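Next come two complexes, and both contain subunit A; in the first it sits with subunit B, in the second with subunit C.
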Partner chain A sequence: MSAAAAIAAPAPVSDTRRSGLALVVLLIAPIALVNALGFLVPVLNLARMSFYEVEPTGAMREVYTLATWLTVFQDTFYAELILNSITVSLGITLLTLVCSYPIALYLHRSSGTWRTILLVLVISPLLTSAVVRTYGWIAILSDSGLVNNALSAIGIAPLRLMFNKTGVVIGLTEILMPYMILALLAGFGRLDPRIEEAASTLGAPPFTIFRRIILPLTLPGIALGCLLCFVLAVSSFITPKLLGGGRVFLLATEIYDQAIVTLNWPLAATLSILVLVIFGGALVLYTRALRAIM
Partner chain B sequence: MTDRITAAAAGQAGEGFLSLKGLTKRYGGFAAVDNLDLEVPKGELVAFLGPSGCGKTTSLRMIAGLVPATSGRIVVGGQDLTEVPTHRRDMGLVFQSYALFPHMSVARNVAFGLEMRKVGKDEIARRVKEAIALVHLSGKEEHRPGQLSGGQQQRVALARALVVRPSILLLDEPLSNLDAKLRDEMRNEIRDIQKRLGITAIFVTHDQVEALTMCDKVVVMNQGRLEQVGTPVDLYETPRTAFVAGFVGRSNRLKATARDGVAEFAGESFAAQAGLSGPVEIMVRPHRVALSAAGADVTAGDHRVSGIVARTIFAGDILQYDVDVAGQIVSVELATRGGETVLQPGAAVSLSWRRQDVFVYGAAA
Partner chain C sequence: MQTSTKFAIAAAIAAGLSSHSAMAQQTVTLMAYSGLFQERYTKAVVEPFMKANPGIKIEYFPMPNSAQMLGNLRAQKAAPQADVAIMDVSVSKAATDEKLLVKIDEKTSPNVADLFSAARIADVDGVAVTFDNLVMLYNSDVVKEAPTSWMDLADKKYAGKVAIPGMPDIQGLSLVLILEKARGGYNHIRSVDKGIAAMGEIAPNVQTWEPKPEVYPVIISGQAVIGAGWNARAQVNADSSNGKLKAVLPQEGSVFQINTINHVAGGPGKEATAKFIDYALSPEAQKAFTESMFYAPTNAKALISEAAIARTAVKSMDKVIPVDWIALAKVREPIMDQWRRKVIPLSR
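Right, the complex of A and B next:
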């Protein structure tokens, strides 16, 4: 009986495995197709375009040249642009993390209707477009805005909060916070109040519990949130454009200008590929960090 | 220093090492724990036993400082800890869910409490090794909790709590997540370790077998109130309330009516509390009832009733009869010796039991 079963067993097992594989392929096929058409083909197109020649008149010719790439690597303006983009985005990511972490932790610990209400409040900004929210910030941060009016009312000299990095950082931080909070929440799965209580009974005061237990256990969420916000910060251009007022030079705004204003498509394509390279680097850092944490 | 000496003296005088004085926890109008008074002598293992929601875990969490008491005092070794935060209470707590630090190795988990106490590195290494050996996990020091079985994780939790030599070891249903075989093993192990270290321990459980077999004393709780405190034998042989009689061990509960301290059931009179009148419950344990076929020589016993066998259950070591007596079922358990006649349903039988095996309680309105 058992011998017969042992002989008969392999066939049905491999059958199920084969049909399982077929199902997986079938389920992945639509998204693979969409990604191929909507992402891979345009990116390859961009890569090709970055090698096209630009005539002095600005017209693009389908002749391959390294000229654009050489300009980008030789002109210090672009090196500064890339560095500026990375540092500003890192700063925004860090600030977003600091502002979002306590909110996410509180949300994680709340329950019932209260939690639902808070979650809706966190998500609700995503229901309005970033453009609308940026105009909201203009109303608050401009020279005659809410903050400066309040400051002048109590006799303090007005602050330059717009058309500089400060404005961009403030605006993007607020716009990215919902993403950060959701990513953090998703990564807080290992956090268990019993574990914190255990640490407390073992003699750990509250701050030590945070440092030795809560923070390490939430690192996966922090890594995920930072990756997401960094990518979103590097690629956002409406907020930097409006709050930066053309005085803050970032990769995304420069790509927009080259593509729409100057019509230098090869340059825009080259910078776009560079953004992709930066994202690739961020992804590598993220997986490295995750491996170190877990 | 003086505190320690008084504490030791108090311990010798038979007073509680841990005293709970009128300990109460209210959530709004609901009293989760209601005026709990308890003295636990040094070195004893005391069970908090009761159904879920009886307040046993809340009491434990108040002792640990994880839940603030609404009123009452918690005194350990003569020192009032009621207002002391958890991390300065010096207690060891073992959770049902283990609550190990998932990001730390077994050794780091066990070392945590010692690091908090600023113990020197060499001593930490030595004591962690000892504690891990104590729970038979040597060789697993560098494993992560996730790589261990439930039983092993609970051993790590035990080692982590014991390594700091806490004044009191608190165990919150530590065996509930383990399978039956492991549970028996851990039960003996926890008891052995507790005795060997002479540590005062509170063991919260809803399992009366755990409470009776492991603990020096059992505190039976129900609806936030203390029902009875006593040794396992006390609780089983002289349950003070209907709840204790019903919760500790199995009991037949027979509805009857009492008049002036005498309860009537199936033509037999049972002594109840003097002056008790109205509905009562008569309780007798199934294996304390003697059974004989009707007409046979009646076995010795203070009370006799007759009935008809309604159901026969042969469980190998035990032969159980459910006997219909005046419309109510009385279960009778007999230890099998081999060779006895198994009576079939419909057989007329007479039951008897001794006076000391009967408890009569006023029925709850």
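Right, the complex of A and C next:
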């Protein structure tokens, strides 16, 4: 309608644009307000708290100091912690991608009732809380669990599958798979079976079709899924707490310990801000990757 | 945020309910541990108090741990909703330093005069309401002979079967202090090198440093067979598991964990608050709760049944290593650092 009006009378174009802009502002305002109150204010509060002074007993004083930030930058434990969080989360993201990609591709190609059934199956784990699913993994991975019982039945010595990094990686990968599959599906829009058929008609073997056509066309979905899963992996703490056995040191679990057990709120706040910085970095990488793909 | 919202709702409902009663009923909000503690404390102390004082209603506001109680007190500093908080002594110290509490002494609560000296902690506004101690736990279906030493945890036959709530939890810290003393250390404030070294010998056997939801069910279920935990909960779990879980006080001894009762500054309960706190410290309340949950009493005049007292550390006071938790808080970070670098790597 606005295009028709523009052709009929060139003069009011700017007016139309202006009212369009006003509408956009009006539509964005509520969510901007909610985000400002529900997200920005608490984050700023957190940032302020990271500069508060804290006594060894946990008593906090509203006196500003750089002490906590200096500790975080000077103590190598925190550098290891950040590095460990990033590498473990990247590993989980990659594993989730590898496990989810074939499923997403199959789902994308299926149709009708079958597709609906499969989609429900993919989404259904999200209806159960991560805590319950993690306890499920404990039953499967423990020394006398399903996997180790099966292994001992065929004469293989039991493996240490949980209360270590392996357990955390297995648990989180399964928990994040639905998110990855949904993100991949959302990003598969450009994948058209007719292009694959054309390539096949022209004599391309299946692997070449995958490498030259399917993979490039699904990159936006891959980028989105990886961003989502990385962010969720870095911030998850229930699964690492339950499956890590106190041996896996991650940012999220350390924030929990500092806030709830040690009572060092400024340190917890500092580490939380660092997590936000990591998320910012991931977002920058994502937009760059997206620009390169598109 | 979430908990404080729930708190506000609970307080609002409580206020709404009490305004309906014809009498001007006073409401005292008690913030204390959730779960087993809530269940037993309500029956043993809260309900008898309300029966004796029909004009006062005690609203139990459960919290999973002391840190979250402090979080609530901080968030409500301007307009406190809670009147009484039962929490760990080190958290009480932080709350004292932040001026969130009112001092409890003989003047506000006559029963304070009868408390053991260890129940009155210097520079803390609250006073001890329960003592608990670290005990060794084992699954009696698997471990046939009762262990006698903490170092039995390092026995090769328990490889991968040991569950200890590790640091920063104070149960892990307590074990380091006990082992430090056992290995000839004389001042755990200055150094815990020997204790850390002994923990390092136990570490390869440890299955988990984070038994969840608690260490007791993990050992009852047989996922782990031996470990460390708090006496009171261990005793209750020993009963509920029909003796499958057993608790012993090893020869090297133990340390006390102290829960304090605290009067929140500016709470709405006023004089009813002081009345409840005094009752919580009274011989009868102390007796009832010890007989119900096996925390050692803090009131020296509490006459507790032989059967119950035998299940606390009261009869083995010579085995209890004194710990100044407030002084220890100052060196907790370096101990934590040693734990991370010298104990955890040995358990991988």
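One rule holds in what follows: the second predicted complex is superposed on the first by the 278 of 294 C-alpha atoms of A that agree within 3 Å, B and C clash if a C-alpha of one lies under 4 Å from a C-alpha of the other, contacts with A are read in each partner's own complex, and residues count from 1 in each chain.
Convention: contacts are C-beta pairs under 8 Å (C-beta built on N, C-alpha and C of every residue); 3 or more make two chains touch, one makes a residue touch a chain.
Fair warning: this is a prediction, and the values are worked out from it, not measured in the lab.
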(request) Could you classify subunit B and subunit C on subunit A, in the superposed arrangement, as clash or fit? (result) fit
(request) Using centres of C-alpha atoms, tell me the angle at subunit A that subunit B and subunit C span after the overlay, to the nearest 10°. (result) 150
(message) By the touch definition at the top of the document, which applies to A:Pro56: first (subunit B), second (subunit C), both, or neither?
(response) second
(message) According to the stated criteria, A:Arg190 is in contact with first (subunit B), second (subunit C), both, or neither; which is it?
(response) first
(message) On the A-aligned overlay, A:Thr262 touches which partner chain: subunit B = first, subunit C = second, or both, or neither?
(response) second
(message) Tell me which partner touches more residues of subunit A in the superposed arrangement, subunit B or subunit C.
(response) C
(message) Looking at A:Leu202, would you say it contacts subunit B, subunit C, both, or neither? Reply first, second, both or neither.
(response) first
(request) Examine A:Leu242 and indicate which partner it touches, taking first as subunit B and second as subunit C; both and neither are also allowed. (result) second
(request) Quote the smallest CA-to-CA distance from subunit B to subunit C in the superposed model, rounded to whole Å. (result) 48
(request) Please identify the positions on subunit A that touch both subunit B and subunit C, taking each partner from its own complex. (result) none
(request) Could you please specify the touching residues of subunit A with respect to subunit C in the complex? (result) 42, 55-61, 77, 142-144, 160, 163-164, 241-242, 244-247, 249, 257, 259-263
(message) Quick check on the complex: what are the subunit C residues that touch subunit A?
(response) 1, 65, 67-68, 70, 74, 90-91, 93-98, 160, 166, 168-169, 207-210, 212, 222-223, 326, 329-333, 336-337, 340, 344, 347-348
(message) Considering only the defined contacts, which subunit B positions touch subunit A in the complex?
(response) 64-66, 85-93, 95, 97, 99-103, 112-113, 116-117, 157, 160-161, 164, 170
(message) Touching residues of subunit A toward subunit B in the complex: what are they?
(response) 190, 192, 194-195, 197-206, 208, 212-213, 216-217
